[in-house]
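Each in C-alpha cells, the structures are laid out below.
Next come two complexes built around chain A: one with chain B, the other with chain C.
Right, the complex of A and B next:
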C-alpha cells in the first residue's frame, strides 16, 4: 500500500551519501554523520555537489526509492532507476494516444480543465479573503476570462484550441498574480512570469517550487509505469518531461503558487535571502532554499479529500493518485481522465 | 503450445489468477507493485529455505527450494520442499510440501498451486504423484492434498485461461467483492472506480461557474 513518506533533500555541498544496512548515511563535508532509515523515505533529492555510493544507488533502485540529482539551483540532471521499468503495454498505449490528436485532446482537456478551474479557485479565494487589499475589479475581470475558458471546455474541443485556452488561462492568471502578493515590500513586486533565469524574487521562488513539483510528479508517473517525457498537451521536445508538465498544470496554482504566496505574505522569506547577479538573474541563498523545502514537505502532509475518489489523502499522494487515474484511463478502466479539482 | 519459452509464467501467477484474474493481470501484466511484492515474498521464502536443512530423515530424503517447470502448463517456479518417500516397489515417490504463512482456506487456491507443482514434477521426473501436503503456519499443521482428477482439471483450465489473459494483455474490469478487503493491491486496483460518478459529469461540475 502506498504511503506518503519523506523525501530527503540534501543541499549541503560536499556531502557524501552511503548505505549502511537499511540506512542512508549522510556525511557532511565537515565530517558529521546523520542516519535515515530507508523505510521511512520515498525519495532522495541531491542538489549540486553531493556524492553517492553505488551501493546506495542500487539499494534505492531496488527499494523503489527515487534518487535524483539536481544542480545546486534545482535544474534536473539525472535519476537512478533499477532494472525493472514498469509496464510496456501501458507505455505503448500512452504513445498511441499521444500520437492521435483526438485521443490526446481528451486527456489534454481534463488537464487544462483542472488548470483553469484551480487557477480560478485561487483567484476567487483571494477575492473572498482579501477583498479590502486587492483590486477587486481587476481580479474579478480575470475570473471572468477564466469562466469563459471553463465554458469552452465544457464541450469537446480540438487539441489546438485546448492549447490556446491553456495559454490564455496562464496569461490571464499571471496578469493579475501581483495582486495576490500582499507584501508591501518592493522586493516582492511581480511583473509577469519570467523563467530561465528568473529576474525577480517571486519568479525565483516560483521556479524553484515548480522544480520540486516537477520532481514529485515525475516520480509518481514513473512509479505507475508511465513515460514522463511523452505528453498529451505538451508537444514532444527532447529532454522535456512532457507528461510531467501536463500533470503539473493541475497543481501549479493551488499547490506551488499558493505556497510561494504564503511564504512571502507571512514574511517567512526575506529580501536579504535573495541576490541579483550582474545579468539580472536572481538566486536565493541556502537558508531560503531550506525554508522553501521545509514548507513544501510540510504542505504535502496536509490532508485533503480527493474530489473524484472522495477519499481522504495527504496532499503529497495526490500526484500518485492522479498518475494512477491516468494509467487506469489509458488502460480503459475509466471513460475519461478526472483531473484534481481544488476546492 | 502453452510451454513456449516466451510464454512461460511463474507458478505464483496461477495462484493470483485463481484468487482474482484482475489481481493476476495487475501483477503480471501491469507490473504493479511487482518489486515490493516479490522482494517481500522472496525474503520470506529465503529465511525459510535457509533455516531448513536438506538431507535424510529416516527413509525420507528431503530437498528444499527445488526449481521446477512444466511445458504442458507453461509454468515454472520453485517448490519449497520435495520429499522422496520409499514406494512399495522400492522406487521412491515424490511428495511435494508447500509452506504457507496463513491458515487453511476453503477455496482451492493453495491446493491448486501445489497440484500445479506436482504436475511439473511429474513431467520432469516421468512419475505419477498421487499426493502432497501444505504446511500452514496457523495452526502449525500439515494438510494432506490428494491430486485427484477434479483438482488437476481445475489447474489445467485455469492455466489455459491465464495464458489467454496474458496473451491478450487486457486487464479485466474490477469486480468489487469480499476478496478486495484482503487484497494488498486494492489501492492500485481501485476496484470501486467503475462505480464512481461518470468522469464527464465530474468534469462538467468542476468547470461550472
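Right, the complex of A and C next:
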C-alpha cells in the first residue's frame, strides 16, 4: 500500500529550488538553504515567483513527485510532467467509456451520488451538533431536497439528468451553507458560491482549498495512469482537468468545506487577513494562507475507515484509493465505481 | 521507520577526508542532518537496505565507525530536542517555506 507522504509548499517569493543528489534544495531570497530528501515528499507546490531548476523538474518527474505552479493567490498555472506514463490500454478504455454516454453516466452517477450523500452528511452533522445555533427548519429542508436527489440517483438516469441533479444538489447545499458558518462576524457572511474571482472571505477560502484538493486529486489520478483531463460528468474543455473535477465532487463537502468552516468557526482565520481589491476580488495574506495550508496538511493525516475497503487509511490517501478503484472499474475488475461515502 | 545514523571517520590517512565527504553526501540523500555527524532518516525497509549498502561500500572497516539506531515507526516519542538547530518532522510537519 502507498504511504501518505508530505507535500512541500513554497510560498516565499523569490525562492529557488534545485536538486542536489537526491534532495530538493530550497534557497530563499536571503540566501538561506534548506534541503529535503525526495523520498519523504510526494509533491511540491510552488506559489508565485518561485524558480525551479530543470534538473529538479526532471528528477521530480522521474520519481513521480507532482510539481505544480500556482499564482501567489493560488490559481493553477502549470505542472511539470515527465514522458507520458501509465498504461495506454487503461487510458484508451477511459476515452472509450467517456465517449459512450451510457458508460459515462454510470461513473458520473457514482460520483454525484457520493457528492450528494457527503453534502447531506455535512448538513446532518451540523444539525446534530449545533441544533441550537442554526435555523433547523432551513437546513432540514435542504437535507430533504438532497434526500430526493439521492433517491433519484439510485436508479439509472441519463447523463443530462445527472448533471441537473448535481446542479440542484449544489445549489441547495450552498443555499444553506451560510447557516453552517457559526461565526457571527459580518466579514464571514456567505451569500452563495462566487468564483473567478471570489468576492467574499468565505468564497476566497473555499476557492483556495479547492485548488489544493485539485492538485492532490490530479496527481493521484496521474499516478495510476488515468488522464485527468477526460471526465465523465464534466464535459471536455481545453485545459480543464475534467476527471480530476469529477473525482473532487466526492471530497469537496466533507474535506474542503468542513475545513473552511472549522477554520472560521474556531477563529483560526481573522477578518484582517483578507483584503478586497478595487475589482471586488478578495485575497488573503501570507499568514492566513499558511494557516490554511497547515490545516489542510493536518487534515490529510486524519484517519478514516474507507467505506468500500473497510480499512483505516489517512484521508490524504483516499484520493489514491479512489483513483485506483476507478481504474479497476474501467478495466472491468469491479462491477461499479464505489464512491467515497463519508460517515 | 526512523533510523538514526552517526559516524566517525578517521583522518589518519589522506583518504579520510574523502570518505567523510562521501558518507555525509549519502546521508544527506536519505535524511536530515541534526548534528555534525548525526542524521535522522525516515526510510522504508527497501530504502534502508539501499542506504545501508551505500554506506558499507564507502566506509573503512579498519579506521571508521558507523552506528545505526533503529527508532521504529513511533519514533516521535523517543526523540527529544533541546537548544539550537530545531529539526523538522518529515512525516507530520506541514512543510511550508
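Following the convention adopted for this analysis, the second predicted complex is superposed on the first by the 341 of 343 C-alpha atoms of A that agree within 3 Å, B and C clash if a C-alpha of one lies under 4 Å from a C-alpha of the other, contacts with A are read in each partner's own complex, and residues count from 1 in each chain.
The rule we apply is simple: contacts are C-beta pairs under 8 Å (C-beta built on N, C-alpha and C of every residue); 3 or more make two chains touch, one makes a residue touch a chain.
Quick caveat, the model's predicted, so the values are computed rather than measured.
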item	value
When chain B and chain C are modelled together on chain A, clash or fit	fit
Contacts of A:22 with chain B and chain C, given as first, second, both or neither	second
Chain B versus chain C as contact partner of A:35, first or second or both or neither	second
When both partners are placed on the shared chain, which of chain B and chain C touches more of chain A	B
Touching partner for A:265 - first (chain B), second (chain C), both, neither	neither
Which of chain B and chain C A:290 touches, first, second, both or neither	second
Touched partner set for A:10, first chain B, second chain C, both or neither	second
Contacts of A:53 with chain B and chain C, given as first, second, both or neither	neither
Touching partner for A:140 - first (chain B), second (chain C), both, neither	neither
Chain B and chain C, minimum CA distance [Å, superposed model]	8
List of chain B residues in touch with chain A within their complex	29-32, 34-36, 39, 169-171, 173-174, 184, 186-188, 190, 193-194, 196-200, 202-204, 206-209
Of chain C, residues touching chain A in the complex	25, 28-32, 41-44, 47, 90-97
Contact set on chain A toward chain B in their complex	1-2, 62-64, 82, 84, 86-87, 89-90, 109-110, 113-114, 116-117, 147, 150-151, 153-154, 224-225, 307-309, 324-325, 327-329, 331-339, 341
Chain A to chain C touching residues, read off their complex	3, 6-12, 15, 20-23, 26, 28, 34-37, 39-41, 290, 293-294, 296-298, 301
